[in-house]
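Just passing along the structure, written as structure tokens.
For reference, chains read A, B, C and D in written order, and residue numbers begin at 1 within each chain.
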Amino acid sequence: MFINYEHENHVYKVTIERRQENFFVTYDNTEYRVSVDEIQQGHLKITIGDRIIKSIVTEGDKEKFVFIDGSVFKVKPVELTGRTKKRKKEAGEHDLDSPISGKVIQVKVKKGDKVKTGDIILVIEAMKMEYLIRAPFNGLITKVNFKEKDQIEIGQKTVEISKK
Amino acid sequence: MFINYEHENHVYKVTIERRQENFFVTYDNTEYRVSVDEIQQGHLKITIGDRIIKSIVTEGDKEKFVFIDGSVFKVKPVELTGRTKKRKKEAGEHDLDSPISGKVIQVKVKKGDKVKTGDIILVIEAMKMEYLIRAPFNGLITKVNFKEKDQIEIGQKTVEISKK
Amino acid sequence: MFKKVLIANRGEIAVRIIKACQELGIHTVAIYSDADLNAPHVLLADEAVNLGDPTPIESYLNIPKIIKIAQEKKADAIHPGYGFLAENPDFAETCNKAGIKFIGPSPEVISLMGDKIAAKKAMEAAGVPVIPGYHGTDQDNESLVKHGKKIGFPLLVKAAAGGGGKGMRIVKTESQLLESIESAKRESKSSFGNDTVFLEKYLEKPRHIEFQILADEYGNVIHLFERECSIQRRHQKIIEESPSPVMTPELREQMGRAAVTAAQKVGYTNAGTVEFMVDGFLNYYFMEMNTRLQVEHPITEMTTGVDLAKWQLRIASGEQLTLKQEDIFQRGHAMECRIYAEDPKNGFLPSVGTILKLEEPTGPNIRVDSGILADNHVSPYYDPMLSKLITYAENRTECINKMTWALSHYVILGVTSNITFLKEVFNNHEFEKGNTTTHFIDNYFKEWTITKKTLPVDALISLAVYDSLHSKKEEIVRYKEADPHSPWKHVGRWRVSGGE
Amino acid sequence: MFKKVLIANRGEIAVRIIKACQELGIHTVAIYSDADLNAPHVLLADEAVNLGDPTPIESYLNIPKIIKIAQEKKADAIHPGYGFLAENPDFAETCNKAGIKFIGPSPEVISLMGDKIAAKKAMEAAGVPVIPGYHGTDQDNESLVKHGKKIGFPLLVKAAAGGGGKGMRIVKTESQLLESIESAKRESKSSFGNDTVFLEKYLEKPRHIEFQILADEYGNVIHLFERECSIQRRHQKIIEESPSPVMTPELREQMGRAAVTAAQKVGYTNAGTVEFMVDGFLNYYFMEMNTRLQVEHPITEMTTGVDLAKWQLRIASGEQLTLKQEDIFQRGHAMECRIYAEDPKNGFLPSVGTILKLEEPTGPNIRVDSGILADNHVSPYYDPMLSKLITYAENRTECINKMTWALSHYVILGVTSNITFLKEVFNNHEFEKGNTTTHFIDNYFKEWTITKKTLPVDALISLAVYDSLHSKKEEIVRYKEADPHSPWKHVGRWRVSGGE
């Protein structure tokens, strides 16, 4: 089985094969012969010679999580061909995305407004805290995607700005 | 669905039916309309009107276990027709069964021996403790099922004694 | 003692109070919104009543709804926990009028202490030192800016009704002043329904040190020593400890007496906390009094052996405080970490999601006050604190070692938490030395990011083994039949490659 | 401090020691038999080495095997825990000869205290009162019977090398004497490899009260006050508490001094316990000294704030005892329950099986020292203790309340445990009053059986709901197609009725 894991923008290519009682994992030209005991769902005890790896693995909707040696790693699925599908965003444009799911409590701009770098565009409230969306560059508001009291989800774009 | 549960030699007859979002449980001529949330495998939150039952249910090889209100109940499967299969044992005869799984460390009798009530017949060791099997009545040893160092399982009959 | 108590809260504090009640033989009623259907306080309480709509104002802040439930369930008292309605004098008043005992001080005291300006004036009058600032009634932006300039920079803008960092802004230069005042007012209005703010001098090398007090309804007041809560991010405490590494026996004696005096002067009853700022020269200033059980109360419980939640119930039910000041002593060292669903790499932004795996550390003198269970969903409606991890040991070094061990054995998968960040704080040399001012996080963790960037090979092996064990049989078969060197396969429900 | 410690034990005590080591930065090596493949100590340790055959003599009692592993792994010390090799002077000797520090007293002291007869003689010589009895070398049955008759009945037959109730018999009448001597000898031989027994007077209203001591390698000895361990079944402790409800300040002072004297006289080092019997008139008699950490050490840790396991490591590594007698004080009240896999309805017979569900109680001042994990199999090879439940509170009543709460929230399914039994003990009026002699269980729970005989309707509803949710779809369909009034159906993999 070939598997690719993406972590912090790096792709790790691994193969794993089961032969009788053992698994053979290959990564970076090294083969590890391991025996495995799944103690509870996702709780792994993996023996490599004298060494024992104890880890917990689980999967969410979009990612997998590994707990090992006191640290958590979040790994994303790799879509080899899908890589270039996303339009490369303008520098700073990401700053217009909502950093959190919450409620829009103030919209400071309307279509056609001119804005300067650092101007407050929109205020989002989540978990009783406020988050300000500011203009990442000078420009003209071309579209406002939310109005006050709207629910907004993490990653949704608040407004569109054309650079002047 | 009809289900019979046996607990401490008493059989409880229950029916349960699922209609849309609710379950209807009938026991002892009373119907309970309940809604159910299985929070984790076997962890039940059962709502009956304003009342909430919180319980944990799990199944072993031969029985089911319920944890409720701080108590554990062990429930056995019911075999309605199998009831009379087992030969009814002589009074006291149960005392000849091993109360524990362990190792036979001493056999004090042999076939043909006469024994009196209270005589030690056999010594079993388990978990570093000793258990004595004593004669439950006066009689004659007709069969000895184990010899020293034999492994013995819980419920196995150690010897057979014919009453005189 | 009460027969039945309604707990008007959620999360770990509701669980904490339910346990205290149950041990005292008190029947408990939990309330919960639709976002908390399977929350631990719901499963633990003897009864639980649904509030519906998860919006705070429609659920845990809805006074009429909560009073109605308490009456229907015949609760003789309500414990408000902290946050939500804990310091709302109207709620305390409404409880009392409905003949339900509010577990906390009188509405008048809550009201006085809730108004930070009036509180400071009262303390000044009682001879307790306060920080220079403007606590006046000129609340138009222009006047506030004028007063601010007079105090000088840096200064703090704080919501009069605030707490927990909400409605608080630190202003470093004159140019930020107006915007900060506006934003603090807005946040205060939406959180507390009141937009009065005040301004005060920002101290050098300040530490946040507070004293726990207990006062019964017969005039007996004791303090249970200090907690240092200087380690804060976004002006919210994340690590607390007791005793404070900077405290001297003389200062402790002095501040403890000031705290008791403060409580006595205002006719305080039940558990409360007097917060001070202590500067680099060990000058101390009254900050505010919190008229409730604090988040960090467990470290006082660990060092003094006193159960504060139970004493709250006893005092409210009219029992006398049998603990005497001379019987209370500190022993060893305790620390608390607040475990938040937040991303420290990304400005401590709250995170949401489902708790997929949860394993809490256990061991001697490790206490976890948790508000979550496996499979719970962490919603964006409420404060993102998941739990509190508390450790106790014979001394500060051992306590740090134990906390580090416990953090390394705390498994929360599915939601980003601050655990890794906390571990690095405990690993910081200045922290180890006790150099813990309120600027600590800004000074040492401003641009913090997780240092370990690469995925360790053991994690890769674990993932591969997991996927191999959990891929559906058909998929493995399908895979095996195909060219073993082609990566165009499906693994589990993940697409490992496209192209077919 | 040591770099690497091998823990020559299993279960909760191995876990306890591994945690203490890890907090001190010591690398740990666990050993485990084939019956313990996924036991918690194996999963927690930094390294774990398999011993194979689960028979004790081939695994946790196998000295050459264990020494070899320690050498291969380059461990600088071995912690023996309690039981197994903890009080085996040959093991301590072998460790020392191999250049591995044995964490405990010297082989000579273990040897002296392991011989109960010699130990009593040494104590008598040191002026510590001992119980009348026969501790001589005439070990033929005839002489022993003669000596027994001289002491009178009731009397105790005890294995000289024994402990934990093994090889112990209580003899009420002359007619049982010979049989008891034979059986005690046999059990002692098989457990300890030595069949020497002694006889002693059986006291009226006796309580088992012991003093914890700590002694460093430079002659400093302190005691950490008493534990009462009178609640026993089959002569094994099941509930312990500190302080003892019968203790007076004067008696505590006296017995504490006797314990320290006893330790000093024999040149004791590391942690140890001096056990006394105290009769109804508060006379006390030296019983024996346990040269190891006790099962019940946590209640001392709770009341004194001292971490005994860590001090064992520190002392063994040559550190000085920095704790002074005057710094040690008791605060509040602590209790411990031993959670056993056993059936109290059936003579406390050990039970075996698989832990299907496990949920440990959590809350302030609730400590669970556990040796099991969900899905672990409880085998018949070792002691049936699964875990220890410890609670601390401001006073004895609160401590009992907390324990009752904790027991009610302890879920162990799959193996019969003594939890329900323990709850009833805490509910007993004589226990509440502190009337806790060693005869307590015999007096009040002789013919004990679970009182609640009928299955509550909520349990039935839960079972039915569970079965409905977990029955396989085909089976439900098959059922639905059939006559709904016929009980001849299959539900899940259970046969609910026969006949087809």
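As a working rule, a residue touches a chain if its C-beta (ideal position, glycine included) is under 8 Å from a C-beta of that chain, and two chains touch if they have at least 3 such contacts.
All values reported here derive from a predicted model rather than from experimental measurement.
Here the chain-to-chain distance from subunit A to subunit D, counted in touching steps, is 1.
Across the two candidate interfaces, A-C and B-C, the one carrying more C-beta contacts is A-C. Computed from the mean C-alpha positions, the centre of subunit A lies at a distance of 28 Å from the centre of subunit C. If you average the Cα atoms of subunit C and of subunit D, the two centres end up 39 Å apart. Between the CA-based centres of subunit A and subunit B the separation comes to 53 Å, rounded to the whole angstrom. Chain centres here are Cα averages; for subunit B and subunit C they lie 50 Å apart.
Those residues of subunit A in touch with two or more other chains do not exist in this structure. Residues 37-38, 43, 47-49, 373-375 of subunit D are the ones that touch subunit A when the two sit in their complex.
Interface residues of subunit B facing subunit C in the complex, by the touch rule stated above, are 37, 39-40, 45, 50-52, 54. Looking at the complex, you find that subunit A touches subunit C at residues 1-5, 7-8, 10, 12, 14-16, 18, 23, 25, 27-28, 32, 34, 36, 38, 42, 44, 46, 48, 53, 55-60, 64-75, 77-82, 99-102, 105-106, 123, 125-132, 154. Partner subunit A is touched in their complex by these residues of subunit C: 56, 166, 183, 186-187, 190-191, 234, 346-347, 349-350, 352-354, 356-357, 359, 380-384, 407-409, 411-414, 416-417, 419-420, 423, 452-469, 471, 476, 479, 487, 489, 491-492, 494-499.
Residues 16, 19, 22-25, 298, 301, 305-307, 309-310, 331-332, 360, 362-365, 367-370, 392-394, 398, 401-402, 405 of subunit C are the ones touching subunit D in the complex.
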